[in-house]
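In what follows, chain A forms one complex with chain B and a second complex with chain C.
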Partner chain A sequence: MKRFRPDVDAPEYHGPYAPYDIIKEGTIAFVVVAILVVALATLFGSPDTKAVTIRSWSNADPVDFATTALGELNGTTITAGYGAPYNHGSLGQELGPLHLANLVGVTIPVNPVQDFVIAPLTSVPNDHPLRVALAQWHTASSAQRATWVSRYSHAAVHMTWSNGHIVVPATDTGPLGVMINSLTQMARSGALDQALVTGHGFYTTNYTKPLLFVADGTYFANLAKSQHLLGNQWGMMNETDSYPGQAWLWLYTFWYQVPPFSSSPNADVQVWAIMMLASALLLLVPFIPGLRSIPRKVRVYRLIWREHYRTS
Partner chain B sequence: MVGLPLLAALFPLDHLGHYIHWGWVYISYANAIVVALMVICFVAAIWVPFPGRNRRKESR
Partner chain C sequence: MSSTDIERQWTTRLRHRVTGHLPPEKVLPDTQPAYVASWIYVFGVTTMVALSMVILTGFVLAIRGPQWWHTSDVGHYVNSLHLWSVEVFFFAMVIHLWGKFFMAAWRGRRALTWMTGVVTFLTSIAAAFTGYVSQTNFDSQWISTQAKDGINATGAGSIFNVLNLGQMLMWHIVLLPLVAVILTAVHVVMVRVRGVVPPFEDAPPEKP
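After this line comes the complex of A and B, so read on.
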């Protein structure tokens, strides 16, 4: 006869049976939860922080917007150097010898210079100085453009916002002054949000480009920091304002707080790999000797069914 | 009246939260309260007797 294996085999049940109404329990649970939701929403409200748009960003901090736009032209922003799935700016994060994102390739192509600056400016109607500036940009050589951007970038540390204009004390920067100013005006009017969202089919719900642009600036990161939402602030499990957040993500965000992940440039993919491994272990608990014995040895079930074990 | 909420929250939480900072642990009061409530629910689920226990005893 085959030996009884306590973690795998179920013993035959010889005790009494009792009727159980799962529909009744489900209905009671639904009603209780519904009452709780309405009562808590009435008492505490719910998070309703306004979404950050390019319009709100450029109105709140036009210098940061213009500096970021210049970074897009210069190729120094996060998006420009991100790599897959947006571009070939880098190989992306590595997991040992693997560059997972790079293996998938560029599936959502984003060219920051063209998509964030040149194309939106080209769509502006009836602006002769801008037309001339764009023509100058298009006819210039790559070396000439790089020289303009370099000169403008050096002077941009003294950039100010004055009388509704971006002011940079630079000379011989070609069309850059007009382009950056026009893009800033476009952003402040809300037209840049529209230009980056529309043009991708019937539905205009693809916010990839405006989100990437906003994330390249420091304004958004500073807002996130003030709301305790950064990665090194356990931000993944926090909510805006004083509302409770996603406490169940504690383990995922925990890894970002401890070495070596807290200082690793590959933390995202490393933490993802650890959580995938942990999830696989959880899924495979019934098949892992030792791990599957923990519930039987901890004996919490005897507390739950203590009445049964007291009488048997 | 368009745009006015039908019913405002009695205790709105739309102000910056307070956080417990202990070593590398950094948790908001709101999350800490929710975690504490979950632990209480878990312990209660183990300790609170099943409903109908007395009925079952009587029928034995």
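After this line comes the complex of A and C, so read on.
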């Protein structure tokens, strides 16, 4: 006869049965949950903070916008150095010897210089100085462009917004001054929002490029910080205001708060690896000796079935 | 056609198999073992009815499209119902899960019941996440731009682009709810087939 394994096998039940009205139980549960949900929705509502647009960003903080645009040209933004799936800016995060994203490759191509700056500026009509500046940019060598961008970037620490213009105390920066100013004006008018989303045609539901651009600026992160949404503030499991958010992501978010993940450049892939392992363990609990014995050993079941043990 | 031929039909075999495993008294039982007498059992059915509330409120939001709730007080209220249904759903599901863990509810050939429950839980997390990134407001912007790094780092970002609103919305309102509902149905059928796990046989606590 097969040996009885208490964590795998269940004893046969020969005890009494009690009346059970499954339909009534379901109906009562539905009514109670409906009342609870209506009460919570009525009392607390739901958050709806307006989305940041490139227009709102560049009007609120034109210097941050212009600095970010310059960073796109300079290759110093997060997107510029991201790597796969957007570009070849870096090898991306590594898990042991593996750069998983890089193995899959660039599947959502994003070229910050072209997509965030040059292509939108090219779409601006009837702007002679801008057209001349773009022609100067296009005909210049890569080395010349790099020199312009470098000189402009060095001076950009003193960048100001004055009389409706970006002012940078720099000389010999070629078309940079016109380009950055034109892009800022375009952003402030709302035209850059449109240019970035309509790059794929009239109809679009893909906001990859404008979201990456907005996220490259510090304005967006500062708003998030004020709403306790940064990674070191338990990040994306929170919502704006004081709503519970995705509280069920607490374990995922927890790892980002503790060393070595809190300072690891590979934290994302490491935390995902841990969570995959944790999910696999949860899934396979019934088959893992030791883990499947925990319920029997901690004896919480005595509380759950206290009536049964009291009467049997 | 002889009765033997009829018995060998696929349809007949399937019917016998289904009714053998799941007779009407198991589908809609009117009694249950006396040990099923704890508040913890409430959270399974609570999870299911909260899921139905999530789907109902989601239906209403879907009628007028993803932007409606930003411009309509009624829409915003329906969004609030949707949000709090989700919160109640997860609250109940997590308690249900822990309750089943402490009952070792996989015992007695119920491992697949446990596993379908866990996969439903993980699917629900993905469904909720795609909802959060489909809100078309600041929350969805921030959550998606943060979450992309984790998903991209695994290589999955190439086919699951959290910055693509259209893709996330489709996952949220079609693919993941469909999977979650099918898994829930399979999970419930398994519970009905195998029954509720019996208590551990009473034994003195193990000596350390």
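Heads up, the rule we're going with is that the second predicted complex is superposed on the first by the 306 of 312 C-alpha atoms of A that agree within 3 Å, B and C clash if a C-alpha of one lies under 4 Å from a C-alpha of the other, contacts with A are read in each partner's own complex, and residues count from 1 in each chain.
In this section, contacts are C-beta pairs under 8 Å (C-beta built on N, C-alpha and C of every residue); 3 or more make two chains touch, one makes a residue touch a chain.
Quantities reported herein were computed from a predicted structural model and do not represent experimental measurements.
J.: After the superposition on A, what does A:Q233 contact: first (chain B), second (chain C), both or neither?
T.: First partner only, chain B.
J.: Output check: A:N126 vs chain B and chain C. Expected answer is one of first, second, both, neither. What do you get?
T.: Neither: A:N126 stays clear of chain B and chain C.
J.: Let me test your reading of the model: by the given contact rule, A:V258 touches which partner, first (chain B), second (chain C), both or neither?
T.: first
J.: When the two structures are overlaid on chain A, which partner does A:F44 contact: first (chain B), second (chain C), both, or neither?
T.: A:F44: touches chain B and chain C.
J.: Thinking of the overlay built on chain A, is A:T171 touched by chain B (first), by chain C (second), by both, or by neither?
T.: Neither partner.
J.: Could you say whether A:V300 touches chain B, chain C, both of them, or neither, answering first, second, both or neither?
T.: both
J.: Does chain B (first) or chain C (second) touch A:A18, or do both, or does neither?
T.: After superposition on chain A, A:A18 lies in contact with both partners, chain B and chain C.
J.: Specify the partner with more touching residues on chain A, choosing between chain B and chain C.
T.: Looking at chain B versus chain C, the one contacting more residues of chain A is C.
J.: Figure out whether A:S141 sits in contact with chain B (first) or chain C (second), or with both, or with neither.
T.: neither
J.: Quick one: is A:L100 in contact with chain B, with chain C, with both, or with neither? Answer first, second, both or neither.
T.: second
J.: Of the residues on chain A, which ones does chain B touch that chain C also touches?
T.: Of chain A, residues 18, 41-42, 44-49, 227, 239, 243-245, 247, 300, 304, 307 contact chain B in one complex and chain C in the other.
J.: State the interface residues of chain B toward chain A in the complex, per the touch definition above.
T.: Within the complex, chain B contacts chain A at residues 7-19, 24, 26-31, 33-35, 38, 45-47, 49-50, 53, 56.
J.: List the residues on chain C that touch chain A in their complex, please.
T.: 28-38, 40, 42, 45-46, 48-50, 52-53, 69-70, 76-77, 79-85, 87-88, 90, 94, 99, 101-104, 106-108, 110-111, 114-115, 118-119, 122, 125, 128-129, 132, 135-147, 149-155, 157-159, 161, 163-167, 169, 197-202, 205-206
J.: Could you pull out which chain A residues touch chain B in their complex?
T.: Those residues of chain A that touch chain B are 18, 41-49, 226-228, 233-234, 237-239, 241-245, 247, 257-258, 300, 303-304, 307.
J.: Using the touch rule from the top, collect the residues of chain A that touch chain C in their complex.
T.: 6-13, 15-23, 25-26, 29-30, 33-34, 36-38, 40-42, 44-52, 82, 84-85, 92-93, 95, 100-101, 103-105, 107-108, 204-208, 211-212, 214-215, 220, 223-224, 227, 229, 231, 235-236, 239-240, 243-249, 266, 268-269, 271-272, 279, 282-287, 292, 294-301, 304-309, 311-312
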